[in-house]
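Below: a set of structures, written as structure tokens.
In the two assemblies presented below, subunit A is common to both, partnered first by subunit B and then by subunit C.
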Partner chain A sequence: MTELVGRSVARVDGRAKVTGAAIYAADQPVPDALHGVLVMSTVARGEVLRIDASAALAHPGVVAVLTHRDLPKLVVPHFPYVKRFIPMQGTAVHHVGQPVAIVLATTLEQAQEGAALVSVDYRAEKPSVVIDDAREPAFLPQPFRDRPNEIRRGDAASALREAPVRLEARYSSATRHHNPIEPHTTTARWDGDRVTLFESAQGVLVTRTVVATAFGLPPESVRVVAPYLGGGFGAKGPGWPHTLLTAAAARVARRPVRLVLSRAQMYTSAGHRAEYRQHLRIGATREGRLTAIAETSTAQLTATEDSVFNRSDSTIGLYTCPNLHVRHEGVRLDVASSSYMRSPETTSHFGLETALDELSWQLSIDPLELRRRNHAEFNQETGERLTSKRLLECYAMAAERFGWARRQPRTGATKDGDEYVGWGMATETHTFAAMPSTASVTVGVDGKALAQLATQDIGTGTYTVVTQIVADALGLPLRDVQAQIGDSALPPAGLSAASATIPSISGSVDQAARAARDAVVALAVADRHSPLFGAAPAEIETRDGRLVHLRDRHRHDTYRAVVGRAGEPVRRTATVLNQGGHTYGVVFLEARVHARFGSVRVTRVVTAHDLGRVMNRRTARGQVLGGVTWGIGHALMEHTVFDRNTGRVVNPNLSTYLVPVNADAPPEVETLFVDKPDPASTAMGARGFGETPITGVPAAIGNAIYHATGRRLRDLPITQDKLL
Partner chain B sequence: MKSFGYTAVRDPGEAVRLGGRPGTAFIAGGTDLLNLMKDGVTRPDRLVDVNGLELAWVTETASGLRIGGLARMRAVAGHGSVRRGWPVLAEALLASASPQVRNMASIGGNLLQRTRCGYFRDSGSPCNKRVPGSGCPAIDGWSRGHAVLGGSDACIATHPSDLAVAMVALDAVVLVRGSGGERRIPIGEFYLRPGTTPHVENVLRQGELITAVEVPRTGMARRSRYLKLRDRATFEFAVVSVAAAVELNERRVRDVRLAFGGIGTTPWRSPEAEEVLRGKDLTADTIARAGRALVRDAKPRHDNEFKVDLVQRALAELLEGLR
Partner chain C sequence: MAESTGAARPTRRTVLKTAAVTAGGAALAPRTAVAAGAGEVAAGPGETAVVTLSVNGKRRAVEVEPRVTLLDALRERLGLTGTKKGCDRGECGACTVLVDGERVKSCLTLAVMRQGSEITTIEGLAQGERLHPVQEAFIRHDAFQCGGCTSGQIMSAVACIDEGHAGSDQEIREWMSGNLCRCACYQNIVAAVADAAKGARS
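Now for the complex of A and B:
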């Protein structure tokens, strides 16, 4: 065994990506395709009265302007299409940026200008778009995907009353958008009643289901191709209207249609992290042991759907607490649908981990020690013992590397030049999913292997990890293994969301590869032309593309020779099921607050995570670097601004929706991993990880700011004006 | 995107002649204009590409600095004369945009860039600057990036250029050429407050081209600095910024120029704050009084009240460093 799994392996698709050889969805050559551009509603609430397309139709190159009068009636798909209506099926307007027409033209520029020339009259009502402006009080939405929005354990009210120590605080967070660098795009090509979509999608099969449902087609009639993604962060997981509208337009026009959302359109087209309020009440003993948590959150919901995506998973189960009452409430507002965003629990977790920090100061207990005292050994909902949870090891490793023991237990104790220096920490946790996935591995007559499955590489390294697994299982060098993914015609695999890719696919890929190896070994020992003829399969070792007799090493053969003589490829398919679960970790960091200007920078970060077996150290570290940077943006700058009078997003571009640039990233991020296989995981001992290393960063920054300055900030983002 | 005509010119006379036709815009680096065109904010019929004109130079003369209108931000920021004699210019340029943008963007274009107001840049919103008479949603809307000085009932958008703020502190003169010949416009008279006509941002006439900027050699210029505060470490416009040029006699202020970004509807010079300091020692007290004089007439809105405080802090930081 070469043991590539677990090592720092560079991305096998890295060269293709940096040289432009990787073909992304909007780059797929599709002859004869028209360019589609959506006309979006400029009002947030009301009705389309009249659409005048005459100027657009007169513009050179414009082929058609389609409205709700022209499109076929579509069926609203169920989850994962989370928006509960399809635009351009009627005249009602539920939010700004709702498609009302699609312009088709020969060139992109012609379609854009055509869209600008479409004139739409509306009946408009005054919208409400932020929680403060809600027309009606918050309510408890129906369970979402069978998960209730009210969770009770014990008697939180009584326990709070009787608690020796109580803490009550309100936390809040602005709307955020995913902003993948690759815009959402669909190219639809019909062939009779069959349609092929080149799509920027985190799930080729769920997109297939969404499209098949909407058009009343059998799933086999829909093919979705998404070989590469320029980021998704949850935005490309659910199905969204632009995909359906592009397919519908292509059907009406009887021509392929390519549509790419503009950056501004992405702020109303593919979900967002909802504006969020959280009221937390915590009861504890004087030793800091939690006795009760009562939490009511309020999320920005929409006029048409009431799904709560920012669930309080960590409040419910991260720490031992016998009495709990959590309510995920929401208010209906005239905004586009929210959705999952890397990672959904970040929102509520900021409140919980800030509250624990506040409690630690109230009790004069070190914040790390407070978390240790509340460490959960058992699943708080089922009472089952949590096996292979190595959070305490994470705490110890990272605290040691960070030097947490040297922390001054006073605020404002350290000043360096013009800045106050503070240290903060927070536990990290993420609920990951695992989805049924099948994989096939084929060893060709050239002795090279091809893994095939309908999973996706959303930028996290799926190609690389699949290649590592197959190379290890077969005993082939990396260069002799290829992965083919991102096509719904391949063996079915799950959505690349909820950090589910690795836990969903690794077991199946490994088992298919091992079965292929065993099949080739069986061919060799049965082949009288092979030097291994007659050997027992158990005596054959495979390594570097060779099959070698363990006791008599002069007897050897190669994959290429064995399969070549057999004359046809050896293909094996496997399906290994796995379960979702939780991944844990911790972040310690140092933040500096400018004494005069209130500006904050994060200068040192140490993380430790328990993700079971680490499949690829390099890509795992990449997730931490991305997560820490994302967390800095979440804490200090990112926020979507709605105009409260018109409902329009005022900053729908990367010039005014600020995300961290390189200069905002900390000069030093040390990433530690426990790296012990989880025996409960059938994914070679790996758990889902990608979204975990964001979750604690915002609270850790807020906690460090408090340590630095004595100022407690409970509303995100923490812009410098809040610290003047 | 609207179709447009395009002509590249090599002769300034031809540029001015072609540029004088209504609906025509000059294009140099294109770092702002192309965004505006793609977003449908600006819809010219024709572009006249002036990159072929011989205006990309920086020269130092006995009386000061001359910068060609097509000199690139990067070239000016890195020029030895600029760094030695007019450091506030180099600092303001390096605090602007990103290296990629600075490689492309011209000095003339920088001075003419349009506001970053989100309502101005959203062609689906009303905006008096974009569509005169349509209204200003910023006044009762999202005003964090907006001005606290120089606004009107029609517009409170800030001018985004860092360079212009530095130029104001240096008493620069803008040289323009148009069909009526050449004009020299002191930069203090170049920008116009919005008043009732926020769509008119400066005194340029249709077809006038910025050919150069002259910056006088002064004792103040050598002792000049730029401080920019923003919402992330780099590649972002100013929340507030300060350009200061000071000539000291021991600790006493012989003369001073103070200009500010992020707080005014134009690159904002404050003669009131300068007057407080002139002839005085730069002490914590005089600096604080200058800051108060600066914001005396400030009219903050819902989201930008903090700027009144923050700009005084920035002024103090910069002046303390110049003592």
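Now for the complex of A and C:
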């Protein structure tokens, strides 16, 4: 019996968020906390020679200025802490914006002023900060997270030589920053050898592991609390130095310390999408069937680590192609570590989906038809049949709604006023993960249920979906169910990253709730005071908070009465494992290019996705709306600019690093879903979804611009100047 | 723990003001100056003034240095953390509040400048349990995800409607563009504002 799961249920955390009552990490009142502000390196490569804190210390309210000399020695944590060093443990400087001191003061203003008064002398060397300036040639890094950076299938070189049709192109994209609206923040409070962190974290448990490792503490000595998060997009998934440094400073100062990164500091503190180059060679038959793909990408790495975050998963497996050779290469640069940023696979997917568009023009085959011809029914690496992939249905639904059949197969064919109008499409796909998750559900003596698990809601709707699942399983109204998440003290569960939340937690929450229901039913039928006494549990239906005998509906009881009589809450816990996989979809869109100004507007968008069962239509649609607009930012505006001489970020703010504003978003986005449960998913038939919508958007925009103007742009973002 | 070097200029060594720290939080006694009247404010580093702010219909005295922004006065001194800080430099709109009915980015104005003004924050919008129509519309239209921008969006929307800038979707898109939403719920924000504006007109 399903009533709420799948429906467009309004967010249960809505009231807290529209009244300002939701407590985010920096809102948490912590008495006696000092304010901490980081002093960041202004050179990209070299060494700290001298730190003069006298002026800062003379400033009223400044309590301490801590440097590498003051902090305890910390252990560098393993993944997900991606930076392979901790700043302020020595004098070496590896990038601009590396913390070199932390100022503690009574008020925020005093700490900020104090930080500005710290003067630091450096020995500086000339840095290389962009791929063009790399000191060494690109190399193939070691496998990252057990996945190799070179993938071969068949014989791509020979197949390319023999291919009747060939395409070769180079694609590239600039560095991007996540820029969640809520800045990263940590408040650390020690109590002996135990520490509590109010943290802007996408995963309370991974943050706990990172902090415990760094301080050599058992995990239970660290508690991480993050009930609400003001956006993460990957930036708040891994652990970062500011968290460790705040905890260390609080330990030294013996007072709680609160630290909030400034917007500018966020450009060197918490990862980014790395600068990226891609060289693609494709071989095909005259009918457009792919016979070979050879791809070498080059990513920005750093002097201290060589993790490739933007893998070419779609090149490797989205389409049928017998011969493949992919290399993820990189160059070491003097910049801060990159990391995962919403839909990391978008980075390479732009090249693949643009190349397919180019091939379609070369062969005069409709781009949608070209993709259909190369549709993969089998996993390209294992050969297994992909039983629940419904990409072809997505193509059909969205093409029909968009009116793709009316597309003019010529460039520059449509002009409306001052604007050229073009249509573009691209397949969307992303990998999702599933992480072991335990959930507990408690029915209290008041008949209300509480679900508890240490997962997160980063805006994606976890609170709401958990509440829906529990309400359905128990037969309780939504208002009688509460979800408690975002605290490492709760049952261990996966974090909100890698599109993993729903596929990781849904099965566990459902099973725990069903077990709790069955336990209450068992109590009722064994209770002489219950009208249901002696009934067979299978004959009891639960609905609206009531337990009703199916054949004799006069016999009924309530959760509140049954558990109330028992006198103690009923709690059940469950762990249901699931597997990761891929989620698919498609985006069709219309773009308009101003004939004289080169400005681009995305005016109409239709998407269709297959995410297995849709748990909540409105939160799923929210992910698509967000993804489409992120795709517009990625394609048309976002780029972080480095000064090549100093290594400094030139635009570390929101007025020169442009993100889409309301007027940039397409007025209309139609979001279609196949909505059929995936039988292979133990998460009630749902698959991971958050990162799929966006992946095709940048290529679809570039393809629409080509259709509109006949100009093929392969370097992102496609800023206005490139279209003049 | 580090210690003071005792050198005349404590260079090369980082210095903790050991006394202040080990005293377990005995902060430096702030030098306080009380403003004689509205607008009269003490200056100089570390000097504070007591100003009276009228927030959500209540007059509240708050002791601040002149450099304290209205945003930090609300969040750090008055405990009104519903107003968010996204950029602290007027670019994101997360800190939007109403000052005498007009939308203002509270990170760009000083608390001492707003004595005598009527300030409304997100906490002051609902009437008891009854939400403001804009708050209701935001829930109905799913006009937020993470909520990081939401307080600012809602305050801005209230003013946008009052200003008469919510006449069409196109107008709303333009006049709500000072409030960034990184989750990008823009279509739903437009729908919520349009819906609330319709209610306000009828």
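Quick notes
Rule of thumb we're sticking to: the second predicted complex is superposed on the first by the 722 of 724 C-alpha atoms of A that agree within 3 Å, B and C clash if a C-alpha of one lies under 4 Å from a C-alpha of the other, contacts with A are read in each partner's own complex, and residues count from 1 in each chain.
We adopt the following convention: a contact is a pair of C-beta atoms (placed from the backbone, for glycine too) under 8 Å apart; a residue touches a chain by one contact, two chains touch by 3 or more.
The structure displayed is predicted, hence computed values, not measured ones.
Once chain A of one complex is fitted onto chain A of the other, the partner contacts of A:L658 are limited to subunit B, with no touch recorded for subunit C. Of the two partner chains placed by the overlay, subunit B and subunit C both lie in contact with A:E113.
In the superposition on chain A, A:I458 contacts subunit C only, with no contact to subunit B. More subunit A residues lie in contact with C than with the other chain of the pair subunit B and subunit C.
In the overlay built on the shared chain, the residue A:G230 is in contact with subunit C alone; subunit B does not reach it.
Looking at the shared chain after the overlay, A:A489 reaches neither subunit B nor subunit C. By the touch criterion defined above, A:A253 reaches subunit C but does not reach subunit B. Of the two partner chains, subunit B is the only one touched by A:R601; subunit C is not. Using the contact criterion defined above for the overlaid structures, shared-chain residue A:A169 touches neither subunit B nor subunit C, since it reaches no partner.
When the two complexes are overlaid on their common chain A, residue A:V641 makes contact with subunit B while staying clear of subunit C.
Where the contact sets of subunit A with subunit B and with subunit C meet, they give residues 60, 109, 113, 653, 655, 660-661, 663.
Contacts from subunit A toward subunit B in the complex involve residues 40, 42, 60, 96, 109, 112-113, 116, 264, 596-597, 599, 601, 636-637, 641, 643-646, 648, 650-653, 655-656, 658, 660-661, 663-664, 719-721, 724.
Those residues of subunit B whose C-beta lies close enough to touch subunit A in the complex are 1-3, 39-40, 116, 118-119, 121-125, 137, 140-142, 145, 229, 231-236, 239, 306, 309-310, 313-314, 316-317. Only residues 1-2, 9-17, 20-22, 24-25, 27-28, 30-31, 45-46, 65, 67-68, 72, 75-76, 79-89, 91-92, 94, 121-123, 125-126, 131, 135, 138-140, 142, 144-151, 154, 169-170, 172-174, 176-190 of subunit C touch subunit A when the two sit together in their complex. Taken in their complex, subunit A has these residues touching subunit C: 10-11, 13-24, 26-27, 29, 32, 50-54, 57, 59-67, 69-70, 101, 106-110, 113, 179-183, 228-233, 252-255, 260, 262-263, 458-461, 618-619, 621-622, 625-626, 628-630, 653-655, 659-663, 665-669.
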